[in-house]
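For reference, chains read A, B, C, D, E, F, G and H in written order, and residue numbers begin at 1 within each chain.
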Amino acid sequence: MQKTLRALADGELTVEEAEAKLSGYATTDAGRFDAVRETRRGIPEAILSDGKATEEIISLTQTALNTTDRAIITRIDETEATMLKNAVDDTTIISHDKRARTVIMHSSEFKQPTVEAAVAIVTGGTADLPVAGEAKAITEAIGIETTLITDVGVANLTRMVDQLDRIKQADVVIVAAGREGALPTVVAGLVDAPVIGLPTSIGYGAGGKGEAALYGMLQSCTVLTTVNIDAGFTAGAQAGLIARRIAGDR
Amino acid sequence: MQKTLRALADGELTVEEAEAKLSGYATTDAGRFDAVRETRRGIPEAILSDGKATEEIISLTQTALNTTDRAIITRIDETEATMLKNAVDDTTIISHDKRARTVIMHSSEFKQPTVEAAVAIVTGGTADLPVAGEAKAITEAIGIETTLITDVGVANLTRMVDQLDRIKQADVVIVAAGREGALPTVVAGLVDAPVIGLPTSIGYGAGGKGEAALYGMLQSCTVLTTVNIDAGFTAGAQAGLIARRIAGDR
Amino acid sequence: MQKTLRALADGELTVEEAEAKLSGYATTDAGRFDAVRETRRGIPEAILSDGKATEEIISLTQTALNTTDRAIITRIDETEATMLKNAVDDTTIISHDKRARTVIMHSSEFKQPTVEAAVAIVTGGTADLPVAGEAKAITEAIGIETTLITDVGVANLTRMVDQLDRIKQADVVIVAAGREGALPTVVAGLVDAPVIGLPTSIGYGAGGKGEAALYGMLQSCTVLTTVNIDAGFTAGAQAGLIARRIAGDR
Amino acid sequence: MQKTLRALADGELTVEEAEAKLSGYATTDAGRFDAVRETRRGIPEAILSDGKATEEIISLTQTALNTTDRAIITRIDETEATMLKNAVDDTTIISHDKRARTVIMHSSEFKQPTVEAAVAIVTGGTADLPVAGEAKAITEAIGIETTLITDVGVANLTRMVDQLDRIKQADVVIVAAGREGALPTVVAGLVDAPVIGLPTSIGYGAGGKGEAALYGMLQSCTVLTTVNIDAGFTAGAQAGLIARRIAGDR
Amino acid sequence: MQKTLRALADGELTVEEAEAKLSGYATTDAGRFDAVRETRRGIPEAILSDGKATEEIISLTQTALNTTDRAIITRIDETEATMLKNAVDDTTIISHDKRARTVIMHSSEFKQPTVEAAVAIVTGGTADLPVAGEAKAITEAIGIETTLITDVGVANLTRMVDQLDRIKQADVVIVAAGREGALPTVVAGLVDAPVIGLPTSIGYGAGGKGEAALYGMLQSCTVLTTVNIDAGFTAGAQAGLIARRIAGDR
Amino acid sequence: MQKTLRALADGELTVEEAEAKLSGYATTDAGRFDAVRETRRGIPEAILSDGKATEEIISLTQTALNTTDRAIITRIDETEATMLKNAVDDTTIISHDKRARTVIMHSSEFKQPTVEAAVAIVTGGTADLPVAGEAKAITEAIGIETTLITDVGVANLTRMVDQLDRIKQADVVIVAAGREGALPTVVAGLVDAPVIGLPTSIGYGAGGKGEAALYGMLQSCTVLTTVNIDAGFTAGAQAGLIARRIAGDR
Amino acid sequence: MQKTLRALADGELTVEEAEAKLSGYATTDAGRFDAVRETRRGIPEAILSDGKATEEIISLTQTALNTTDRAIITRIDETEATMLKNAVDDTTIISHDKRARTVIMHSSEFKQPTVEAAVAIVTGGTADLPVAGEAKAITEAIGIETTLITDVGVANLTRMVDQLDRIKQADVVIVAAGREGALPTVVAGLVDAPVIGLPTSIGYGAGGKGEAALYGMLQSCTVLTTVNIDAGFTAGAQAGLIARRIAGDR
Amino acid sequence: MQKTLRALADGELTVEEAEAKLSGYATTDAGRFDAVRETRRGIPEAILSDGKATEEIISLTQTALNTTDRAIITRIDETEATMLKNAVDDTTIISHDKRARTVIMHSSEFKQPTVEAAVAIVTGGTADLPVAGEAKAITEAIGIETTLITDVGVANLTRMVDQLDRIKQADVVIVAAGREGALPTVVAGLVDAPVIGLPTSIGYGAGGKGEAALYGMLQSCTVLTTVNIDAGFTAGAQAGLIARRIAGDR
């Protein structure tokens, strides 16, 4: 602790960095940022844009960059992303996936982790790609090589069977599907890696906001676990936790 | 009409048979029996035991036999079935499927119809058999050769693929499934006959009384129609209506 | 296969057409197009506009035209439709139904199929017409003569009875209804063709997004099967599968 | 008040009768009995057996007889009814409808009211009779001539049309139906009396405990009001209130 | 019939009027108008604007005026109402209630009916007024003197008790309430007229779209019937049917 | 701590008592008993019988008596209660409320607390008494004088108004009601003490398992908080926490 | 009463003030204002902006100021707030919290009450602040010192434990949380003040509009009561009622 | 294949064993047994007793023993378990957990696998033990050392914190909880192993059949995946798949 306080006194740390080192979180106008989540939990803290004002997003992003050299922003729309990109330091390295609505930023000092395990993300249809993309942003941020295998819906099993060998190479498989959500069940019957079902809010009529997909995955007659509807971040982060264990990273 | 009334006067018809011929239904203590449904609708009237007293079942059965030479009783438990079997004329030909909870009776004068079309009934697991059996009782009563293909759940696609050729020989396919109800979707993606999804109340937890299966079939990304949970009679009767059209029987 | 490859080498086929012939689907930026669905399933693949960007719709439409000489686009709004119409080849024959939100296109080489069976589509009210129109677009694309009988809601049985003879001439009847969804039940009690209930999202208050209509059709005391709320495409395609069997087209 | 107190002092009134006269209710071990409901509301208080111990039913029944010369007991099973019948004074006049699960008792001094208006109760099927019977018990207790028209479900409109003239003679029509609950809508489209929809818990699968029927009636495209599932008492009592107004009884 | 045809031949009737007289409905581009509903059912046909295009509303309005000398339009927004008002004949008498979103029109030949019975419409709060207003528009169109008693919610019983005498003068009472929907229960415990509960979509959170109010009315421990959420037209029309019977108008 | 260990060594404490003193809970075969809840939370720990075997109930009861001189057992049926009563020490003082399904036991050394504040528990009907009784058992165990005011349902406001003065004397009011659950709203509009709504599972049909009552209380247009359906213990314990604060007991 | 009437006659009171004094409410164009709620109930009447026109808000605000020297407006958007601020007398003291969407106004004669008890409002995350702010506006208006403790979600218990001492100083604790709503349960296990759970509509997917949080609080294995989703006003007012009792203010 | 056929011809294999080796499943009267699931999926096939007749359970058990030297039977009641134990060969080694309702059998030739990874199963209360026990039976059958940590519900965080070190030693953590289901969220905030939420059907009232727990886990503000309510087998099997990957067993 003395070391941290001395660094603060010497101007080597900002107040915010010192607070993060001492208490585990940094207090900002927009709330507290959990700066040691990655150390404690093995997964980086992400900033969920939904329901936050642009200034709050910017403030939290800067705190994240200051305390962890990285910021992961999810569910951000294009206007906000542009404002955010303008607000940060010019040396910040920025990756923006418009379809997945994610922005990943890191300072030049950031050291990208590598996790020696493979994740496959499989989708039923084109409409599942934003949610799958959010999951992929997280697994890649954690440092995992991630394969995206798209458009292998159960309406035409041939398309899925053609991709089966690629799916089998993964250590963890995330399967995103909307409508009746049958794809995770079919995949889980054919591979021996753990499968995470990721229901998407694609569909219409009764059960069409992802409920039919969610219930179908919960009722699956094969073995899989599931996350909430459209919860790409959670699926990716859980895959990350499993991958890190597999890689022996802790 | 004169002919009917004369036959009644001559004692060749009972009052009940005469009423049925004239008005289309026969009035009994247990309600009206729709004696001309088969003529009007192409599918025989069935007597649903659930919620009826044993005497009511017996009364309606006798009316059915008197007016149409046949009685189809569904959802009947074993005790009631025994009492019913004892109550009818000795010459009645009886077929009782305990698992499907159906009793089919016909008088010696009954002429079994034949419909030149094939129905396949496919089930996901052993637990779906009672409901599938109810559907099969109806398609067979209509006169359709019916193939039952069991235990081809999606947890192991091999089992289904092994049976695909048999399924493809059918003109109409009923697929009964509980849990996540994915089987009708997978089958409908592989055959070109019309598929009727028949959700069963097999499962547990959220969506486990057949709702997950039903919603999954309604949301199917392939083409199929569905009936209510456990509605074996309806699935079989609709298959019958389609088969009769295919066979050119009307 | 050799033949296909040779045609590709000779420039008679595009890569996309060759892929479609060999694998059954064509890969585009906007996803895979199931080019042999019509062969495998007897119903044409449709492009659902909802949730797709305009470029994705155009890309899939061109693939469909290239590989099957036809494109069926559903749930397309007017602006998208205009852009799509401008994007295709001038020789393309275009049919756009604004109320049903469908666009059907075919190249000059397309050979319109004919299925010798009749479908009737019956609606409860004016507000059910868009959904009924989507169903009609599909049955007609399959090649079936389709009669649309409108505004025969159960609030005034006279209107329905007046149309009964026309309904009875059909081999398959689709009945679209919102609110309490009683019309399919009433129609199914009067005809001997198979009836497909098509619940629409017309109504308000409890059960008013089509749920009351859907549950009413599932609970029907007559025989019918149902599709999801507003699922005009599914109802039309299922009617098409049945009609083709009746016509002996397979 | 003086008169009541004097009668009590003179032993002409019991404490319970005096309390009822003065406060409008009588306090018993089993709760308070609303002795002036009939005066205040125009409909008699009924004793709902469900969830009450047999002694409580007996106690309330005796209070009802003491204070209003009549007791109406609903949803009573046969064992309880037998115990209740044994518990009351020999001169009590008892009417017990086992199917409707109602017991009506009145002392010899009771003066049966007469309301000059007609109610018809129409049912879809045999299984709706217990609930319809509860409604009928109430309308008749109020003094209204009540016609029960059974088994006119929409699966066969002929049966309903045959009874239409009888239905049209009523001033108020109660229509009890389960399954999809379409009958009240069809009836309300054909008559000009007010129709009360009475959904019953007959059905199975999705919406099968009466919800489909209830929602169907709430969404009806004709004009009707509805009561809760199986609420025979409420339907009958509301019909009674309307009938009394029509008859000019208040 | 001859008379009608002759009048048509002589140009005294339009085709539409002749059709209405002969078949009971008039066919327009926007659907069939039920011109004899008032005769058959005792309540006028209304044109529900929701989900109709402005031209359809205008077309149906003109048909209504042509065949019944009156048009009742509900749930119409201000822009549509302005266009509609401009579209009709200058001699048409127009009444537009913006809050209730109703337009009532009649030709100069229209003879306003009078029904000798009184309806009271009671509301819980200001926010219930649009729905209450729709109900009032209908009862007044039927010819019933209607008293609107506002803002008597149960949060302060004093406000309600102050109005009780006015409520008691009505032959039929409609009580509109959102939130917990307790007001109809409290009113129905105090009056002896039939009470119709009219739940409104006022509230928030769990059950806040009117479901809490609807379920509360269905579960009411007093006697009342209910209509669907926001169903002002239905509540008013049912009150009208009851009032006409009370008045002896049929 | 030394003192506790010495007492254990000297045989003055059992192992279980010592563990409770040191860690705050006592480990038994049937789970851990939270012996310091009353100190920490101000409300005694209760043993919920539902879902526990009789031996588990007995074991936890004995641990409770050993560590806190008192045991509060809720939702216990009569057979279990008899076995439990036989299992404890003869000097144990036992209070068993069969209708509320509670057993309260204390050792002769127990010192009954007294809280100087008053709670009133108000019920809508006889059927609400078991749940109200559970609440009363808890408030009395906490040491609060509790008044039970029964059968004041909103169907007859007179009954409630008659009891209003008694209700107003309480510092905290619990109002138990099933069906439409309007009573807490009406009471809360008339008193200035905090009101806790306690919905009961009394009712039938739609919303009849207490949901209508719960949603009604959550939507209340007056100020009140609520607990889950039938949660008598929670309502009583919360009233206890408030009462202790009012009494200045902490 | 004479005094009030004289004051009116002398022009010392407006008609509105006189009505409020005599009847307890003031009638305005926008509805009745409950001017004696604070006297009767101990909590001030608030004006809910949702669903009211700006003129209605202004009219009710002026009545509130005239009759109680204070106006509390909730759920008001910025445009309306600006118009409202312009509409009132220049001497009015105004406090506007944009995030909480509340406006509090008082005349210069208003005497701010003081309640000697402390309330803590704890939130799970930044997104819960608007709802927490509404609660805080009410407790402060009642005169209670209120501490807001933010961003102590259960995902990182350290953050909560750090604030525990501050929470323990409160007499009543409101805990606002969305998502899974676990925070009130965790807090209630650690403090001995009464806890009010305030579920917020923060979340997504299944249960994401606050239902998961609400159900979690209702099912809490600790003792707490709850209010409806986003019901900041109700939570604050109930805390106020409890605090006033604790302070002995009545 | 030749080898298998020869072994069959030589009587070294039964027909059933040979079928299992060749096709991957063995056909029995009670359905097909997936004999290669363990090879294909890494988790053993289990026999779910619910909904099967005792003979079917016995038949499938014997097939399992014959083809895989092991049988895992879940959700079996005591009577069935006794019959099953009597039916198998005397040399079978049997382990029966009555509370978890599991029976594990293996032949003397069975070689117990060992997976070098640790699983912890954490429960909120005693009532969660049956479901937790089912999960433990599966992880142990897979060969994983499994620690059961009971009764650490969130109502008293001390109990959980005391066990935290033991929980942190696991590679995968299953957390079983009913009621509000907050425990998995709290645990997942404190450890860096993947957490699987296992909601149990413990609770009452709204959301009390495990729905509140399930929705709470799906909405968790920490990272975890979930399985269906009471799905002990699925949770255990998924933990097994993850553990095997971690151990490098595939």
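In this section, a residue touches a chain if its C-beta (ideal position, glycine included) is under 8 Å from a C-beta of that chain, and two chains touch if they have at least 3 such contacts.
Remember, predicted model here, so these are calculated numbers, not experimental data.
S.K.: How short can a path of touching chains from chain B to chain G be, counted in steps?
M.R.: 2
S.K.: Measuring between Cα centroids, what's the chain most distant from chain B?
M.R.: Computed centres place G farthest from chain B.
S.K.: Between chain F and chain H, what's the gap in Å when you average each chain's C-alpha atoms?
M.R.: 38
S.K.: Please compute the C-alpha centroid of chain D, do the same for chain H, then give the distance between them in whole Å.
M.R.: The mean C-alpha positions of chain D and chain H differ by 54 Å.
S.K.: Taking each chain's centre as its mean C-alpha position, how far apart are chain E and chain H in Å?
M.R.: Averaging C-alpha atoms per chain gives centres 61 Å apart.
S.K.: Give me the residue numbers in chain G that touch at least two other chains, ranges are fine.
M.R.: 40, 125, 155-156, 188-190, 205-206, 208, 211, 214, 218-220, 222, 228, 231 - these are the residues of chain G that touch more than one other chain.
S.K.: Per the touch rule above, enumerate the chain pairs that touch, sorted by label.
M.R.: Every pair of chains in contact is listed here: A-B, A-C, A-G, A-H, B-C, B-D, B-H, C-D, C-E, D-E, D-F, E-F, E-G, F-G, F-H, G-H.
S.K.: Along chain A, where are the residues that touch chain C in the complex?
M.R.: Against chain C, the touching part of chain A is residues 125-127, 150-151, 155-156, 158-159, 162, 202, 204-206, 208.
S.K.: Where on chain F is chain G touching in the complex?
M.R.: Where chain F meets chain G, its residues are 40-43, 171-172, 188-194, 196, 214, 218-220, 222-228, 231, 234-235, 237-238, 241-242, 244-246, 250.
S.K.: Which residues of chain A touch chain G in the complex?
M.R.: 23-25, 30-32, 34, 37, 40, 50-52, 56, 199, 201, 210-211, 214, 228-231
S.K.: Using the touch rule from the top, collect the residues of chain A that touch chain B in their complex.
M.R.: Within the complex, chain A contacts chain B at residues 124-125, 153-157, 179-182, 185-186, 188-190, 203, 205-208, 211-213, 215-222.
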